[in-house]
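Two complexes come next, and they have one chain in common, chain A, joined by chain B in the first and chain C in the second.
Our next item is the complex of A and B:
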């Protein structure tokens, strides 16, 4: 099999654009894991809610403005759902062991999954990209979808915004401190409970952003949470728990191995990222970058 | 040993339950016989997980893979080869145990969450191959209509076969649980460092525990094929692994028989609540949250504490 250079580069870019969605979701998961120490399986369900909400909001408006409004509103809706869940349930359980938290968040994901089924039904849904991002551009002689280009641009923006948030803002600094030593932060007279709530909501908001961004590229369906969350956990683990740049590196590894898998052996394309994860975990069990745990 | 068994308080109730279970197919409708058989299969799977998680303290996050590997091995042997039935029945658990040995060999180098995640990625690798290899495993369609010999042809015959195998496995698991090997595993769960200091090869024991547990998961896989005559890729998906985890949690981690109760609860919930509403997982989620909030030791663990408050107090003082 031989491929032209343009095809390889295109496939690489497709891989990177898919990685960007993964990165946005995983950065949120990693942030929650780092600050709250909660392995949140419901993160995938929130991503799914984000995608379904994008579908509904896009349909409400005529033309392509709907998608842009959805891109703002859908993640906010997800953030609201997560805020309710955090205040009502999560906040009572932070002291429990990880295994218990894992099963607890799985229970939440079961409930959210069925709620999505009740609200949106079991049929496939699809969202079309706004007119501005439809079609493709020609790149080195091969055609490359505009929407993927948009994703490649937006990924770094989110990364920079999150990075600035954690190092520049007060809440970001406190949450970083809470990730290292939450008792000490409490002793300093800071209301840790609300810091945790805010950190949780920000993490979940990112899941909503990921869900909104992925909506035009896939068919939105029940069960998309299950495939995503396991990938997200593996990415966070190979990147280093709680490390945002680790989530970026992990996502790139996952997305690029998958897209080259599609090129070379489409039938088993989904196997390649898992092989990459196994190799990384065997060489660097604690992740590629420094973990905050 | 038998004298002690007869004198034990449990002898009479257990005998009565066994007699009822053996006589049941004569009176009960087919549907209930089927559900009971499914409960045995699921309970065996949950107990095999509990051997590593509850008794061994390992984060065995992807146990369903071994169940699926056992089931697929026997289904593939019966449909693609002309080998006799019993070869398939033995090969199922053995291949599952070998898979357990290979995956476990990698996993025991790591601890806790990392152990679990490495297992999920290795397990997902197997799932992805089974899921996509249409020409061999049938992909996401699975394999249907595995033919069984005449002695397993009717549901009642399958029921008795599954019940007998289940009981044999139960006795074997109890013997392992009470053996020096089992005690060592439980000691490693409670304090791995101290065990290492005493000169126990912790990794070797953990690997042994994984192999034994995956063997029994393979047996459960074979029994599933006997009951359902089909296999599908969801048997290896991680969602099932978490479901088995939930069974252990519902029943109680640290009890021996807890997972049986948990498996029965989940199967009954899916069957009977699933009849009335398609949203049974919503109800499962709510029950699970209630259990996590109010009965962290599981239903069985809760009753055990009620029955033996004194012994718990003693053991706590001993710590």
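Our next item is the complex of A and C:
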């Protein structure tokens, strides 16, 4: 089978657009991993809550404005949920070993999953894209969904915002310092507890943004958390733990190998991203970019 | 002194408990209840179907238990198989050994159904499959103890294959969920299409993992290959994803598509007006079709009880409950072997007309509804229109074919 340039570009862009959602979610996961050293399995559940909340908020408002409002409110709701979880539970557990934290966050993910079922029920939910982003455009003769184009634009914006936050703001700088040496930060008289809370909430907020952004492209169902969290952990590992740019590179590798796998070898497309992961880990066991761990 | 008080309290409470036991009402000579063990998925994305089936079953039991069966009632116990074969199998064993059920029903997952079917064969316990659609259940892997009250991939595939063979398309692409159901439905449709129209050509296939969230890369890749038509073999949440991707890429306007259960209300309703139009789909049950008094009465009773119209699992579960009740009445006793004898060839009235449990393979004879997705003014979701009813007899394998495939395994 032969493909023209248009199809290749189209497929590349489709891969990148999927990578952008992965990146936003993984940047949050990686941030929490880097600053708090918490492998947060419940991150996927927060992403799912973001998607379900987007559904409800979109429903509340008529017309296309609903989705835009949801895009702002749903991640904030997720941030609120995570703030409660952090203050009530997580803050007492940072000193525990990683295995304990893994089990703990896994338990939280099961609880959140059931809460979602209680609040929203088991039926499939669907959010439609706002009118502006509905349908597809013709791109060099191939058709390309407008919404995916929007995702390609939003991804870099989030990356830049997050980068500026860690570089320019005081809290960002403290977070970075805490990631490297938290005792030292504490010694300097900074309230580490609140720095951690803020870092945690920011990470979870990004999961909410990812959930809100993915809502119009998929059916919103229970179990979407588990599908995502496995991919997200792989991406964070190949990118380098706690490294935001690593999350970006990892997401792009994951998304693009997948979409090209689908094009060239559709029966076996599922395995391509995982093969890429294996290769990266064989060559660079600590991840592509510098890990903060 | 203290010891004495403890002793007194102990004696008092023991005698109180003994009194309670004596006061227990004793059932003298009452027929024992019939216990049905329901094994299905009540968590994760398939829960929507599991719950729907359970509601259909409950609705039927309310009707049945008013009159009773053999002077007793039918009760049920449920277990969640979590859509996993190992859990499903251990839950089935638990229902049989701990709950001592008279028969098992359930499962949406074909792989679970096949595993449980294998287990009940050895234990000699009847098992009625009500949602799973693999044709192996009553085909190649069928046996005395397994029944199926849902339509299967053979029937759906043949209905689709026959419909597609009448269309002018030659170059086909097959895409679907990479699990038992996806492959079974695709094989059946393709086998029948190829038999009826030998010049059709399969130019490629795509298989994605179950629950794959983003199908757009697949859809754009398939569109690039420019097939004349596409057969999608997907279901449940993946179906919603597929329809969304088909709509957002504009695929349905360029390439004709056939998907079994694309016209399923559980899939189309959440999409509202956003579902693609013009997709060909086959379906085993619609609450709005056929528009007969029997179907209207069933839909109304279900809607009153559970607040939403019944989906296809509710329909199958409803039929299953009535089959169970009628068969026990015919058997005249709570006896598994007599029950099986009575089930064979049993006919019950259903919302879509009379349904027969075929004796030779234990497969329910059910019609298929072939339609096209379309917007209509009276609903705020897309429905199946121009529905053609294909009678079950025309799309089922013959008893001779069943004998042949079973002889092979």
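In this section, the second predicted complex is superposed on the first by the 292 of 293 C-alpha atoms of A that agree within 3 Å, B and C clash if a C-alpha of one lies under 4 Å from a C-alpha of the other, contacts with A are read in each partner's own complex, and residues count from 1 in each chain.
Throughout what follows, a residue touches a chain if its C-beta (ideal position, glycine included) is under 8 Å from a C-beta of that chain, and two chains touch if they have at least 3 such contacts.
These figures come from a predicted structure and were not determined experimentally.
Taking chain A as the common reference, can chain B and chain C both be placed on it without clashing, or not? Answer clash or fit.
Clash: chain B and chain C overlap once superposed on chain A.
Thinking of the overlay built on chain A, is A:270 touched by chain B (first), by chain C (second), by both, or by neither?
A:270 contacts both chain B and chain C.
Examine A:107 and indicate which partner it touches, taking first as chain B and second as chain C; both and neither are also allowed.
After superposition on chain A, A:107 lies in contact with chain B alone.
Name the contact category of A:142: first (chain B only), second (chain C only), both, or neither.
A:142: touches chain C, not chain B.
Quick one: classify A:117 as touching chain B (first), chain C (second), both or neither.
Both partners.
Is A:129 touching the first partner chain B, the second partner chain C, both, or neither of them?
So A:129 only meets chain C here.
Contacts for A:286 in the overlay, against chain B (first) and chain C (second): which applies, first, second, both or neither?
In the superposed model, A:286 contacts chain B only, not chain C.
Considering only touches as defined above, state whether A:7 meets chain B (first), chain C (second), both or neither.
After superposition on chain A, A:7 lies in contact with chain C alone.
Which of the stretches 113-121, 131-139, 311-319 or 329-337 of chain C runs into chain B once the two complexes are superposed on chain A?
Comparing the options 113-121, 131-139, 311-319 or 329-337, the clashing one for chain C against chain B is 113-121.
Give me the intersection of chain A's contacts with chain B and its contacts with chain C, in residue numbers.
117, 267, 270
Under the touch definition given earlier, write down the residues of chain C that touch chain A in their complex.
Within the complex, chain C contacts chain A at residues 43-45, 47-48, 51, 175, 178, 203-209, 211-214, 216-218, 220-221, 223-225, 237, 240-241, 244-245, 248-251, 254, 266-267, 270-272, 274.
What residues on chain B touch chain A, complex-wise?
My answer: residues 59, 106, 109-110, 112-114, 117-118, 120-122, 124-125, 128-129, 131-134, 237-239, 242, 245-246, 249, 278-279, 281-282, 284-286, 288-289, 292-293, 296.
Would you tell me which residues of chain A are touching chain B in their complex?
39, 41, 89, 92-93, 96, 98-100, 103-104, 106-111, 113-115, 117-118, 226, 230, 233-234, 237, 241, 267-268, 270-271, 274-275, 277-278, 281-282, 285-286
Give the list of chain A residues in touch with chain C in this complex.
Those in contact with chain C are residues 1, 3-4, 7, 10-11, 14-15, 17-18, 117, 122-126, 128-129, 134-136, 142-148, 214, 217-219, 221-224, 227-228, 258-259, 262-263, 266-267, 269-270.
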